[in-house]
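Dropping the structure in here first, questions after.
Chains here go by letter, A, B, C, D, E and F, matching the order in which they are written, and residues are numbered from 1 within each.
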Amino acid sequence: MLYLIDKPMAEVGLRTAAEDPEARIVLIQDGVYLAPDVDAPVSAVARDVDVRGVTLPSDIDRISYDAVVESLVEQEVKSFV
Amino acid sequence: MAYIGFLLTGGPFDSERWRTAYELGRAALDRGHEVSYFHYLDGALVPVADQTLPGCSDSGLYDEMPTEKFQELIADGAEVICCGLCVDARGIDAPADYPEGVEVGLLPDLADIIGEADRVVSL
Amino acid sequence: MKRDVVVLLTRAPYGRVHIPEGLRAARGVAAGFDMHDVTVIFTQDGVYGARDAVDREALNMSGHVADLAEQDGQMVADGAAMAERGVAEREIADDVTVWSDDRVTARIRDADRTLDF
Amino acid sequence: MAYIGFLLTGGPFDSERWRTAYELGRAALDRGHEVSYFHYLDGALVPVADQTLPGCSDSGLYDEMPTEKFQELIADGAEVICCGLCVDARGIDAPADYPEGVEVGLLPDLADIIGEADRVVSL
Amino acid sequence: MLYLIDKPMAEVGLRTAAEDPEARIVLIQDGVYLAPDVDAPVSAVARDVDVRGVTLPSDIDRISYDAVVESLVEQEVKSFV
Amino acid sequence: MKRDVVVLLTRAPYGRVHIPEGLRAARGVAAGFDMHDVTVIFTQDGVYGARDAVDREALNMSGHVADLAEQDGQMVADGAAMAERGVAEREIADDVTVWSDDRVTARIRDADRTLDF
């Protein structure tokens, strides 16, 4: 399951993703300011990272909109945006 | 091919959600997927014609105005439905204020998208 | 296709139209051709709107809540969001069920579709 | 008598700020004070004519629509100026979309209010 | 000095009021959910309290829009709304 | 009458137009008939917009910042808001001055007018 997470809905979004062993988290919009403490793989939308000048921790990948769409076609998606 | 539905509640100037909806829809159309938008609440303001913000950067959010981005999606096959109640609430005169291709619908259209789409992204 | 839909109400009531209009969407989706199953969850600042003390009439909630009940839609308050904000279970309206953190997040994960307002 | 200026940046459906601005302006007019509004950003959407939200409670925020509340203030002597850039950005066609009495101005009008008013409330 | 405080701007608003011995705080809109820990007298806009069904602590007064306007004509005002 | 005006930028950059449009208002107010004195303070989530790493061009900030400088407007970052968000002083752009908590709040209290975006 893909979880799209922005800051305003991070409270419920990250709680929901935390208990899912199949979770894949994508930080989006102001969500790229977050540094979630979860076991799941975490990516951040590259455009949102670049325009904000955010330096990502090494365990967070950059992801393009194209790759987000590919991922959400392959698997279900929950949006917390 | 997949069918991707978007519920957009964000307005054109209060958040970036309209742009995220555009970018994901753009990427989906480029891959041959089917795309529908249901614009609800301030999302109904996004496709209003004749938006203009002078001196905007070519690299920023408003390199083109929100309405132009959605007109481009419509030209490329996306369906854009605005909630009629939200349209009326905001004093939008749909025939005059929306460009061609923007439809006015009601919540049963959202219910249909939820039933038929393979994925729904709420923004 | 009939879907299992969760509607998240995340914003504080009044001022914004998100709680009443989220409820309107919930009952609209429940009443559509597919008759989707709908669970409305008051979470984050939305839990303030699940309290018995809010003026539902002034908030334009009453009609939508009645319509939702008629479509067998369910209303739930997120216990974790309540705890975070110091909202006690006895403050929650009678037609809203309080669920624990785990139950809320499991319900969201299991839903076919999640809409947020 | 005092002169009270308001800078309103909140839209008609995203927050209660338009209503707070109305209530404070109403109370000020009732006491014989002079009142000016400068509507900026989504505040420019507040006075758009023909807003309608059916089935609204008589005790709530939308007992009357935002545009009606501001028309009432204008009738009672308040000055309402909308920022022209914000108007254009939102695709608002001022002569057609605003009721009589709503003026379109620019930032020097805000600068004047700041210089002349005894109090300025930013909402 | 009158301080109008709503929740989204409480972070900077309450800090600013805290150091002002003449501060008078008015909680407004979602600000009525706040319980500020300050020495200054605190009021909450009655209409905002009522519609939200908030029970005010005994040391917070209810205030009408009329009284807010009277206060802000008598003294300067800072708005954090 | 010439006033001493503080403009507070409180929202995170990008997405919302509040930072560039708040700067536009700041320089517009500084350039008006009374030539008000203007201090722009990046506070709360607005401090993210005072960082050197943000793309000012993409954010439509550059022109307004230049105009504001021409009107002798000053830009300040709120040290307390930075600390709260883990933003370090070396991250702040060269044309923005970092002020302590006390200095920021004293400046706001002393201003004739405060506008927030």
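Methods note: a contact is a pair of C-beta atoms (placed from the backbone, for glycine too) under 8 Å apart; a residue touches a chain by one contact, two chains touch by 3 or more.
Just so it is clear, the model here is predicted, and its values are computed rather than measured.
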Partner chains shared by subunit B and subunit E (touch criterion as defined above): C, D, F
Smallest count of steps, each to a touching chain, taking subunit A to subunit E: 2
Per Cα centroids, the chain farthest from subunit C: F
Interface numbering overlap (same over half, different under half) for subunit B and subunit D: same
Averaged-CA centre spacing for the pair subunit F and subunit A, given as whole angstrom: 30
Distance from the mean Cα position of subunit D to that of subunit A, given in whole angstrom: 39
Cα-centroid distance, subunit E relative to subunit F, in whole angstrom: 25
Where subunit B touches two or more other chains, by residue: 13-17, 41, 60, 85, 122
Residues of subunit E touching at least two other chains: 29, 48, 51, 79, 81
Per-residue multi-chain contacts in subunit F, two or more chains: 14-15, 17, 55, 58-59, 114, 116
All pairs of touching chains, each written as two labels joined by a dash: A-B, A-C, A-F, B-C, B-D, B-F, C-D, C-E, D-E, D-F, E-F
Residues of subunit B touching subunit C in the complex: 7, 9, 40-41, 85-86, 106-108, 110-112, 114-116, 120, 122
Contacting residues of subunit A [partner subunit B, same complex]: 4, 28-29, 45, 47-48, 51, 64-66, 68-70, 72-73, 76-77, 79, 81
Touch list for subunit F against partner subunit A, complex: 12-15, 45, 48, 51-55, 58-59, 85
Subunit D contact footprint on subunit B (complex, rising order): 11-14, 41-42, 45, 48-54, 65, 67, 85, 88-91, 93, 96-97
List of subunit A residues in touch with subunit C within their complex: 1, 8-9, 11-12, 15-16, 18-20, 78-81
